[in-house]
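Note that the chains are named A, B, C, D, E and F in the order they appear, and that numbering of residues resets to 1 at the start of each chain.
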Amino acid sequence: MGDLTHFNEQGRAKMVDVSAKPETIRTATAQSSILLNDEIYEKIANQKMKKGDVLSVAQVAGIMASKNTSNIIPMCHPISLQGVNIAFDWVKEEQGYRLKIETEAKTKGSTGVEMEALTAASVTALTVYDMCKAIDKGMVIGPTFLVEKTGGVSSSDYKRQLNQTDKEE
Amino acid sequence: MGDLTHFNEQGRAKMVDVSAKPETIRTATAQSSILLNDEIYEKIANQKMKKGDVLSVAQVAGIMASKNTSNIIPMCHPISLQGVNIAFDWVKEEQGYRLKIETEAKTKGSTGVEMEALTAASVTALTVYDMCKAIDKGMVIGPTFLVEKTGGVSSSDYKRQLNQTDKEE
Amino acid sequence: MGDLTHFNEQGRAKMVDVSAKPETIRTATAQSSILLNDEIYEKIANQKMKKGDVLSVAQVAGIMASKNTSNIIPMCHPISLQGVNIAFDWVKEEQGYRLKIETEAKTKGSTGVEMEALTAASVTALTVYDMCKAIDKGMVIGPTFLVEKTGGVSSSDYKRQLNQTDKEE
Amino acid sequence: MGDLTHFNEQGRAKMVDVSAKPETIRTATAQSSILLNDEIYEKIANQKMKKGDVLSVAQVAGIMASKNTSNIIPMCHPISLQGVNIAFDWVKEEQGYRLKIETEAKTKGSTGVEMEALTAASVTALTVYDMCKAIDKGMVIGPTFLVEKTGGVSSSDYKRQLNQTDKEE
Amino acid sequence: MGDLTHFNEQGRAKMVDVSAKPETIRTATAQSSILLNDEIYEKIANQKMKKGDVLSVAQVAGIMASKNTSNIIPMCHPISLQGVNIAFDWVKEEQGYRLKIETEAKTKGSTGVEMEALTAASVTALTVYDMCKAIDKGMVIGPTFLVEKTGGVSSSDYKRQLNQTDKEE
Amino acid sequence: MGDLTHFNEQGRAKMVDVSAKPETIRTATAQSSILLNDEIYEKIANQKMKKGDVLSVAQVAGIMASKNTSNIIPMCHPISLQGVNIAFDWVKEEQGYRLKIETEAKTKGSTGVEMEALTAASVTALTVYDMCKAIDKGMVIGPTFLVEKTGGVSSSDYKRQLNQTDKEE
């Protein structure tokens, strides 16, 4: 099994040395969501007809945050992120509408991009909250989790179990 | 009822003018959490005995992110954040341990600090994920939500219903 | 007449002390533009029908840059920017289409917001360039200039002469 | 002909995947300018005799902005910029003096550096404006454009036509 | 006597709440230095005759860092820094030349600006090191210390004892 | 001997072109320290028993600053820092306790990481100052210097002479 790798001999946090790892193509997919009420859903949906919309701003925020991940997450390595994509999906639920946010990050480098995908998903959701909070502050963000990861060298690929995801959602 | 306030006459996003609002003391409390397995819980708990620990790093990340909120969330006003506090609480659940993260933000200004509290909570959880992902990538972040908000002028105070919170958790 | 105020006794740059100036409402309006060919114009115009578009991304970039102005322009004071708005206008010209970008910035503070408005306009134009450069790299940005400024204490309000603007455009 | 490449299947902006592109040496040269009156010209020129001067500060700002381009321009890839140079040239015109700003950016990577060169040029000009605006707010920035680009793989090299440049200036 | 104020009830770091403190004019003066060899001294001195010089770049870096202090120092409050000045002085010593760096920071706010002055001094010295390290890597930075502080409400003014400073230098 | 390499033909600063240099593993070790009184030493030492402590926050600050070095030091190249470690050591001195801070930075790239190590050391010390200044503002930071450097191509490895270090401390 793994171990908490971010600590040095003095028991303090460090940024792990990855200079010996080969550069490989690495991808990660993460998912978040935000649950909001019917009124907000209608407002966002109508906005889509106009030139700018909530989701457009949120998605720019998510992409910019993914590029800034190593400045936001202390022990995260700076990498040359080479591709980010964010997709939205609406699901009607009992308590309102859930906006599903799926993010994909990709790089050619010596560390994975899980944090870039997760940070993009979180910030996209936070931005939707920000732009709709004048209507209702009761929106709920998440669950937020890693869906899939490929390309690592020391660690194997990861794929979240579907039923596991279902249960949490 | 409110409206989507972040849009201008052309239907595009703008940063709303708050210069006419008086400066008042404003507070916000937000909550996030991360659900992790027994092994990670043990590792974090043991780490507490040492000089540095996962939660200590995560909490610094959360505080720094809250100060940086207006650079992360596009339509969020820059403010002089005047106090941030982050508290942790462990809850044993069927699937493992849930680390509850509660953040409080405070300012004297003309806009609220909900986004600062929510961003702090999200980034604290993301940092825990980052530092423990070598052991298990199946950790789940959230739900993340606003607990309370005071001090607004145009909008009334907000307090999340307890049973509402219970249900989502 | 004025003087180069950003220099200290040693002849070196400094950030001027404004702590004695009263806090007043200050506004600034700036204008930039980008001249692009018919093909790009059509692509941007068609894109408007979709959910995301070039102008939407460009305008988020402009707003975020205006909040970040004091980190981009060395001697510019950090301020609590309280409102930013960006408007677009198309003008058909002999060489193609000119996208006019007009930005308004507002604060209540002890320094003006000319640089915030000008930076927003410049970055909005740069972002349009970035998103369309795969089609044609011959786009031309500017002229970029201050249109109007109000609210200063030591300096008087400013309004650009119309014929002056006409001539440069 | 090219296409607007920054959009995903949902019609929303994305940061294009460049991980399959080979790393080559890439260069870009951009040009901006700022037109200012005789008084400012004299002040800047005299300042040159002293230890610090307007152009020195502006050029540091331009270099720092070029390194920060991917945080300023939303869909721009983070790259390891490996060289930046900024040169100035004065041209006497009918309405005053034009400070020409030419920037060169260079990297070894999988995307071009046009945006780094253009951002450097724009921010250099904005900084000159900032440091001289106490004397006259009527300065005009630009036109700003790409002069040359080399090293791409999928796209050919670019060189701006001289007469085209002449006309705009 | 004082106490370590940056900790919450859980024994973890927090950003102290200063919202109840009145806004007063606050100043701080800090000092750093860098000891370098004769060859570097000559190179910097000659450079002064030219248009750009090492000290000019270093001083821009110091000013920009002082504005960015709350993003560099985790528990430091964001403030609207209202004035920064950096002065240089050369002292011939037995082992070479010492470049003395004195920084002054000023704000009208509810927290002091000691960290802004100290950060400016440190980054100015680091930048000199960066620009001269191709000649000799043996340069030594510091000691770096607070010289004076005024304007606090809960804490009294501070002035470093002269003989104390002498001894450390 | 070397030369001031950061200047272009116009005598102005530039970011040196390193695109022709091969990518090699590069390391740098730097040292700083902060001298503080017995009371602060006791408070920090006692804090170690708790979950969060001064050194833990300071070390996170140092690591984050090292990743941000190219945004703090104007002519410093952006690099993909691949490992950072910070170690502490206490030394009892006549005037109190000296906290020694040793930082190691590592990358695989075309420029050295001296500035990343030195910036990490400086910011770690500044953060200790910030968190303890409520008790005593007389703490002194430094000397700060490079201890060792390996992996360069055009420049040879560097190792600070021990007696040289002793003398300065």
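Just so it is clear, a contact is a pair of C-beta atoms (placed from the backbone, for glycine too) under 8 Å apart; a residue touches a chain by one contact, two chains touch by 3 or more.
No experiment lies behind these values; they were computed from the predicted model shown.
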item	value
Mutual neighbours - chains that touch chain B and chain E alike	C, F
Pair exhibiting more inter-chain C-beta contacts, D-F or B-F	D-F
Distance from chain E to chain D - Cα centre to Cα centre, in angstrom	32
Distance between the centres, which are taken as Cα means, of chain B and chain A, whole angstrom	16
CA centroid of chain C to CA centroid of chain F, Å	38
Touching two or more other chains - residues of chain D	10, 12-13, 51-52, 55-57, 59-61, 64, 68, 74-75, 79-80
Graph class of chain-chain contacts, one of line, ring, star, complete, other	other
Every chain pair in contact, whichever chains are involved	A-B, A-C, A-D, A-F, B-C, B-E, B-F, C-D, C-E, D-E, D-F, E-F
Chain F residues touching chain E - in the complex, by the definition given at the top	1-7, 10-13, 32, 39, 43-44, 47, 50-52, 54, 56-57, 60-61, 64-65, 68, 72-76, 114-115, 118-119, 122-123, 125-127, 129-146, 149, 155, 158, 160, 164, 168
Chain B-facing residues of chain E, complex	8-10, 12-19, 70-71, 74-75, 77-80, 109-110
Of chain A, residues touching chain D in the complex	25, 55-56, 59-60, 63-64, 66-68, 79-88, 106-108
Chain B to chain F touching residues, read off their complex	48, 51-53, 55-57, 59-61, 64
